Structure formats: C-alpha cells, structure tokens
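Naming follows writing order (A, B, C and D), and every chain is counted from residue 1.
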Amino acid sequence: MYCVRVEKVVKHSKDVATIVFDGILPSYPGQFVMLNLFGYEEIPLSLSSPRSVTVKAVGETTRALVDISPGALVGIKGPMGNPFTPAEGKALLVAGGIGIAPLLYLHDYLIAEGVEVHVFYGARNADEIVCLERLKSYEVATDDGSAGFHGNVVELAATKDLSSYRKIYACGPEPMLKALYKLLNERELLNRAEFSLERYMKCGIGVCGSCVLENGLRVCVEGPVFSAAKLEW
Amino acid sequence: MYCVRVEKVVKHSKDVATIVFDGILPSYPGQFVMLNLFGYEEIPLSLSSPRSVTVKAVGETTRALVDISPGALVGIKGPMGNPFTPAEGKALLVAGGIGIAPLLYLHDYLIAEGVEVHVFYGARNADEIVCLERLKSYEVATDDGSAGFHGNVVELAATKDLSSYRKIYACGPEPMLKALYKLLNERELLNRAEFSLERYMKCGIGVCGSCVLENGLRVCVEGPVFSAAKLEW
Amino acid sequence: MQETKTPLYIRGKAHLMLEVELCGLKMKNPLMLASGIMGSHVSSLIRISRHAGAVVAKSVGTEPREGYRNPVVVNYAHGLINAVGLSSPGVRAFAEELEKFRAEGRSPLVVSLFASTSEEFASLTPHFPMADAFELNLSCPHAENVGMAVGSDPELVKEIVAEVKRSTEKPVFAKLSPNVLDVVEIGKAAEEGGVDAVVAVNTVKGMSIDIVSRKPKLSNISGGVSGEAIKPIALKCVWDLYKELDVPVIGVGGITTWKDVVEFILAGATAVQIGSALFYSHRIFYSLVESLKAYTRSTGESLVELVGKAHTG
Amino acid sequence: MQETKTPLYIRGKAHLMLEVELCGLKMKNPLMLASGIMGSHVSSLIRISRHAGAVVAKSVGTEPREGYRNPVVVNYAHGLINAVGLSSPGVRAFAEELEKFRAEGRSPLVVSLFASTSEEFASLTPHFPMADAFELNLSCPHAENVGMAVGSDPELVKEIVAEVKRSTEKPVFAKLSPNVLDVVEIGKAAEEGGVDAVVAVNTVKGMSIDIVSRKPKLSNISGGVSGEAIKPIALKCVWDLYKELDVPVIGVGGITTWKDVVEFILAGATAVQIGSALFYSHRIFYSLVESLKAYTRSTGESLVELVGKAHTG
C-alpha cells in the first residue's frame, strides 16, 4: 500500500463523484485499485482514468469517499487485475449504472488508439447518467424512460445490429451482464465480448478467496475482465 | 550458498593443489569465494581462474581440500569482493608463496586483454613454486636460493627498474607486501599498485567484522584488493 | 521406502515419485493448499484439488463470524501480513458449501476448525462428513479467545486434541504457532493428546505502518506474517518437531519454489502446505508438481525417501 | 518536542532535526550500529561512529569464547541467518581493544554484555570505563546458557537488570528476543529491574538447508534470522512495548531504508539499530542520515516529534 493525495473531486450527482488523484497510476483500462479510506474500509474500485476512480455512494465507505475533500490522503494497492484487451476497427461499450466507470477509461483509451467507439449506457433514471460529456458517440437507456430509450440497456442493444462491432465490452450489474450474455450468445457474438465482473472482495491480491466465481477463478486476479465466452453462464 | 562439484584436482606438490569446479563462476580476477568443505569449515579462497581455486594445505580444512576427490560437492558463496582493476600497456605481478593464486587468474585475464605481463614470484624454496607453466614471462626468487634469485621477491624487485610498468599487482604475506609498499613508495610508484590482502575472515559478506583493517575497512567487502596508496602503512 | 534401486520413473511409474500417504490419506503429491487461502468457496477448493495433493478449507467455527474490516491483507517485498479475523459463514452454512466437494473434489479435503474450548472443537467434526481429515487451528495470531489464545497452553492443546479425537475417526492435525518459546513443547502436548500429525507453522506476529498516513496498514493494526520472509523460521520449527516427535510433520511457511518443497522435506516434512505463494501464481500447484517430477527424475529418488534426510545426511 | 511551528531547518538548525537524547546519551541521529555487526574491532567502530548516532560493540562475556565453526552466516533473498556463537576475546582483551574509542570515537559507545548469571553480568561493567552505556544481551537465540536462555524468564531478567544497575551509574539497555510468547512480559520485567531502555528485537530463530548437499547451511544447524524478512515482526514488538512500557524503546530488525527508520519511529522507537543492512551497503549510515535530513526538511518536523505518532495518528 502507498498513499496518494486527492487533487480534485468532481461531483456528478449527489451520490456519484470522480475522485482525481495528484498523480497518474500506471495502468490499463479495466484494472482496479484497492483504495483504503482511512478510518473506513479498503474497497476495490475500477479506475475511470489513469488518475481517478468514479464512485457511487452505496454504503458507509463509498459515501465518505464521494464526500471526501481535496487534499486528503488515501491508501492505494495496485492497479491490479487483468485489463480489457484492445480492439481494432469498431468497438461497442455497454454500461449499466456505475459500471460506466472502467468503460470511461476504456473509451478514452480506445479513442486515442483510433478505434471507433460507440456506447450503450443504461441506468435507472436520467439522474444516474453521468459523464456523458466524455463520450463521443452514445445512446442512453433508462428504466423509467426519463432519458433516451425506455427500457434497460440490453433491451436497447437488442434493437440494434451488433455484428459490425469487432469487440463488445460490458460492465454493470450481474443480471444485466447475464442478459447481455444471452443476447450475444443468440447472435453468435460471444467470442467478441469481454465482461468486467464484480464480487465481494477482501484482500484484492488473490489469497483470501472472497471473490471466487462458480468456476473457481478469482475476480481479483484472473479477472476482473473475463472473456464472455469463458463464463459458462 | 550453492553447491558446485569438483571436476578435477591438480596436485602441484604435496601441499598445493588446484581444485577445478564443474562450471565457470562469473567473476573477475582478485575476487574470492567462501568455500564450504562439508564436515570441515567454510574458508575464503581467491579464485585462480573462473573455475578454480589454488590452495595450500596449512590447516585441517585446507589439508582436506588439497586431498579432495573429484566428484565431491563443495558449497560456494560468491564470487565476492573487489577485483583488481585492469591495466594497459605493461603490468607487473608480484607474488609471494600461495599469493600466486589470484595472480594466476589476473595473469591470464591481462594476457587475453593484450597486456604485456611480467611476474616476480617468490617462495621459500623451489618446491613451493607452482604453475610456472601458466606464466608467460617471469622471474623466480627463493629464500634458500634453490631456484632463481637468492632472496625474497621484494629484494628481487628492488634490483629492477620498475618505472615502465603501468600497473603493479601484488599478493602475498603481509610482511612481503609491507616491504613492497616501502620500495614502491621510495620509487614513487605507489599509486600504480594494487595489493590483495588477507585477514582472518568469518562471514565473508561484511557483517561479522572479523576481517577489518586498522583503518576500519573490511577485507571482504572493501577489499580484498586495495589501492596500495590508500593503505597508510 | 523403495527396496530396489531402479528409479520408479524407469519402471514406468513416474507418478509414484511424488505420491505420499499421510495418516492414511492417499495424496498424489505432498503439496497441500494451506488453510485460509482461497478456501472459503468450494469452487476454488475443487479447482485447486486438480493439482494439489490435498486441500485445507478455511477455518470454520460454530457461529458465523464477520472478521475484521478491510484492509485485512497487505503485501510487502518479502511476504504478506494478514489479519482476516477468521471470517466464516459458520459451521452449518460452510458444511453446506463444502458438500459439493464430495462429487467434484480430486484430492482429500481437510477441514480446518477453530474454537475456544475442547467441547466446541469436538462439536464441529460431525458436521463435515465430506472431510477426509481435520486440522485444528491452534495458532491464528490475531483473534481473541481462539487460535493462539488456546494453542499456546500445552495442557489445553492436549485436552483439545484428545476431545476432538474422541469425536471423529478421521485423522486430526494440529496447526502450531511459531509465536511461542518452544514449539516442540506444544507439539508434544498435541502428540500426547493423540494427534495424527502436526502442521508447522502458522503466521508470525507482525505489522506494518504506512509512513505517509502514519497509520498501521491493517485495520486490526497487527496480523500474521507469511510468505518467503518466514521460511527459515518455519523450517527451524519443522526440523525441531521432526527430531522430537513421532507423528508426521506437515511443513508450511513461505514455500514458494520446488526447492523450498525439497528443503522442507529434507528437514522432516512428510507433506507441505502452500499459501501465500498463490499471491505470486495461481498455477503454483501445477508448476510445483512439474518441477518436482523433473527433480525426482534427476535424482532417481521418490520424495518420500527424502523425508528428514538432512538430519542424517 | 518543539513548541514553535517554524521548522528547525528554517531557523538554521537543520542538524537538530535528527538529534535525539536517549537516556542522557546525546546522539547526533537516532541510528545506532547493532551489536554483533562489525563490532569486534575498535577500528570499525570508530569508522562507523563518524555517521552513526551511537555504536554498540559486539557482545562480550567474562571469558574468551571461540564461537562456532564457519559457516556462521548465510544470506538469503530476504535477510541473513547467523550463528556466530558469541565469539569474543573475553572481557580483558576486549576492554583493551575498545580503549582507543575514547580518543577517536565520534559518538557514544554502548558495550554489549552476555553472561549466565546476574553476578557475572554485573562483574563486567567495571571493565569498560570508555563505555557510555551497556546493553544486556538477553536474546541471542543460539548459544547455551546465555542470551535467550537467560532472557526468556521474567524473574531472571528483572534480577539481572537490577544487579547490573547496582554495578554502574551508566544507562543500561536490555535487548529482548522475539522468540517468546509475549515480549511485553519480558520488557516489563526489565523495567521493574530498573532498565533505562529496551532494545527490540534480537534475531528470530531460523535455519536453512542446502538441497544439493542436503545439509544445514550453518555449522550450528540453526541460527537467528535478521534483515528485511523480520521487519514486520520487530515492528510489532516495538509497537507493543511502546504501548505498555514507560522506558524508551530502541527498535531493531530489518531496518534497511530511511522509510524503515521512520516506520519504527512512528511505531514508538526513540532510536533504531542497523545491523544486516551493512551487508547491502557499508555507507548505510551516511546515506540514511542524508535521506532522513531530506525527509525532515520535507515535513518540517524533527524526528523526535514523530516518536509513537502512529499510535495516536
């Protein structure tokens, strides 16, 4: 563990903020850090850029982190985990809720690499949609129809021809990923897809076993990004 | 510590042998190893080539080592210590007794580098002169006059013009080195000289402090090769 | 011990070179997954059992237990320091979790138990019909009333082992702590209680402080050191226990390479446990097995022939 | 503690940032040479005293003692293992050796003593008029009848300290072993005996085996582990002793970088000892001093202000 200082906090909404560090963490999109909020807990967070995490307040620690003041020190382990693998040509990013975080990093990375990137971004309502200004080409879906497509993001994807995307990257709640898995399986596109998974995680470095999947693999070491085709869902 | 196997034992006399290992130890001339003769002791020995030590039986352990059988395993730490620094042009090697060991390695090394090497090699008597066949250009001195110059090796050196040697390397008993120091000091050649020193040594890695000199430096780490000019004798 | 000098691999029995029988457990190799590592879910235990000679599940007690807040593990250049705090779903839920091992596990399953009293220890064994053996955690260095708290008193250790032995016919191992004046004293107590093997050692008490935030890195302040740093410490315990005890010794502490495995076996370990090394490689069991096969081929000796060899060598 | 908030270096007193007073010893920095390292000859002690805040000589007993056969030290990737066996020229010869320190030493000299009884300990102090303090070796893990053999019994520790205190007016430090169930118990006993400071810790019992020759690497079979490997173990002892004792704690065990020094000070060490790190660099004291100066300049706090800060932080 080492310390970094919080340089800036960008509040996207009451519950979602991007915490910008005072230095770059050498990393690839899809990797995560174990962030230790002193006095609270150490939690896994996907990087939303080489120098930030984007967090939603869902518990005591994430609440405190969203409300953190610039200048505060936080402990960092990592960046760790397997990143997304790069694409060529056209790429699709499918985000559900705060699952947008690692995809923001991937988005910028792919654009810089000259990839043509499109994003499907779903959330419960318009208020939960954040950082749209960073995205070059996107369509939004909301469960309540308060913005964009009325329905979830997989339903949105189902209305489209996905065959032109050489790579499909997704991050979001597991039910969403499972629905997307089914859709891509039907369209025979599963081998183009990479999913970033979440599990309750303690150590983050592969020893405690908290985050193992049904296949015995660890989200923190063998993941968090997995080839969708290998998930046996 | 790691193990090497004795490949060959070359007996030069009843009491002096070269123990050849079954592999090369990456090293420079002047470096030593801590050799652990299992069942006996671990002792410091100068390398006489990248794959050998040349030993004189003076105690229980060295006696057993001189009489070791090919195929036996010995423990090795190192090579360690500061080596001789290379010369250009003409170099003089001054050896006293078993002090020839590191100078044999240096001799071959310098010859390979195109240096013109001459050796003054002194011993108590002709029986103690070994490995002459490895030397390209040499003069021998014996205390009893049984071979070469009658007298010690520094007395031999004193009869010569030493000013043409760009480097003077010496190894041997401390009284010999002190006499040589005096001679070179008188001739104002001290800054061309490097001496390899011996001290009772235990750990060989700089922590036990057994081998420290009067100036507080350790033979095993700051030596065994020292610039003669820095010795303050 | 092999009577004949013809190496097993020449007689087409290369796989036998690593085989070991430990208190009646037939193991394909002497490498066991150490308790606490990857041992909370049956899925990882099953996966690891493909290559490991045996797997030890994470310690379980009578009741669910949350463990400490994160951070519970920190790594440093020479190993790990952890204070997970014996987090566990409790005996019922964990027994259910492990049930699947019966059908899919590929090597013996050892269930690790923690408790505060001998009765509590003994009450746990009937819950685990799928277990091939039990390991008593007498050595966790950072939990109250359990682990070392019960494992540093020889009389209590003897009583616990005896009580557990009465509760089950399966082999019982006692996992010992190095944080005592004399590990042999505790090992002997376990032996007097009827233990089938001792496991040496659990982690060494330690901690780490972050100098920027000026706070201990673990939420529990201190924890147990594991990994390569403690290998010489564990090896010394194995050496001493092998010398003084009659029961087999299972070595654990910093074993990372095949050379470490051989070193522990030479010191007297019949089997070894691998824990922190999974931090470096999740294929550690596979790669150790392949390396050990190559090693036994090169020497022509099976691993069981090497147990304790450095004592007589 | 500094009352003013203007950093010392701004007030032209940069050298004060590292200064520490330890039981009346004025030290230019908190870095002490640990006993047993480079401490047999006065020439190396003098040389090291140029940069070290204090030096501790190698332990000396009443009689000359040869120590173990070589090999007495082995290194591994994470530290050293040694069993030198308290080799010593004996009290008379060593007192003579150290005499020269009086004129040429540049920092306080601590003389380390080993003995089997309190009387024997006390008989040694009058021989060393050049000593500024004494350190009692209650913790060497690999010698018979001395070191840990006398240092793991609280009653005996208390008695030894009390007896030595009666023999000298100089400060007396007790060097403790981590190879006990509870280092604080021993520390408290030393405190009750009137010790001026405790030194934590000596080496941890350990060993290493060469897998080719299949023999222990040390002639004594086992020895004590030092170096980076044991840093978390030593730090935990320092933390606990600082919390429970009133006397200053001197930290030792694996300190290699300036960060380690700060870590030990934050844990509660008033001073620290450096030993195995001399294996990595003979300029270690010089480079640590320069690094610590830079660190104190960056934070604006003197090192004494940091003692124990991680407890309250």
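By definition in this document, contacts are C-beta pairs under 8 Å (C-beta built on N, C-alpha and C of every residue); 3 or more make two chains touch, one makes a residue touch a chain.
Predicted model, so just to flag it, every value in this text is computed and none were measured.
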Next item on the list: State the smallest step count from subunit A to subunit D, taking one step as a move to a touching chain.
Entry: 2
Checklist line | Shared chain contacts [subunit B and subunit D, defined touch] | finding: none
Note to self: If I average the CA coordinates per chain, which chain comes out farthest from subunit D?
What the structure shows: A
Notebook entry, point to check: Any idea how many Å lie between the Cα centroids of subunit B and subunit C?
Noted result: 51
Notebook entry, point to check: How many angstrom between the C-alpha centroids of subunit B and subunit A?
Noted result: 65
Note to self: Need the CA-centroid distance for the pair subunit A / subunit C, whole Å please.
What the structure shows: 37
Next item on the list: Mark out which residues of subunit A touch at least two other chains, giving numbers and ranges.
Entry: none
Item checked: subunit D residues counted as touching two or more neighbouring chains -> 213, 215
Notebook entry, point to check: What kind of graph do the touching chains make: line, ring, star, complete, other?
Noted result: line
Check: Between which chains does touch occur?
Finding: A-C, B-D, C-D
Notebook entry, point to check: Any idea which subunit D residues touch subunit C in the complex?
Noted result: 76-79, 81, 152, 179-181, 204-209, 211, 213-216, 221-222, 225, 228-233, 235-236, 239, 259, 262-263, 266-267, 306, 309-310, 313
Margin query: Show me the residue ranges of subunit C that touch subunit A in the complex, using the header's touch definition.
Written below: 36-41, 43-48, 58, 67, 69-75, 80, 82, 84, 87, 210, 212-213, 215, 217, 219, 275-276, 278-279, 282
Check: In their complex, what parts of subunit B are in touch with subunit D?
Finding: 1-3, 34, 36, 38, 41-43, 73, 75, 77, 202-210, 212-218, 221-222
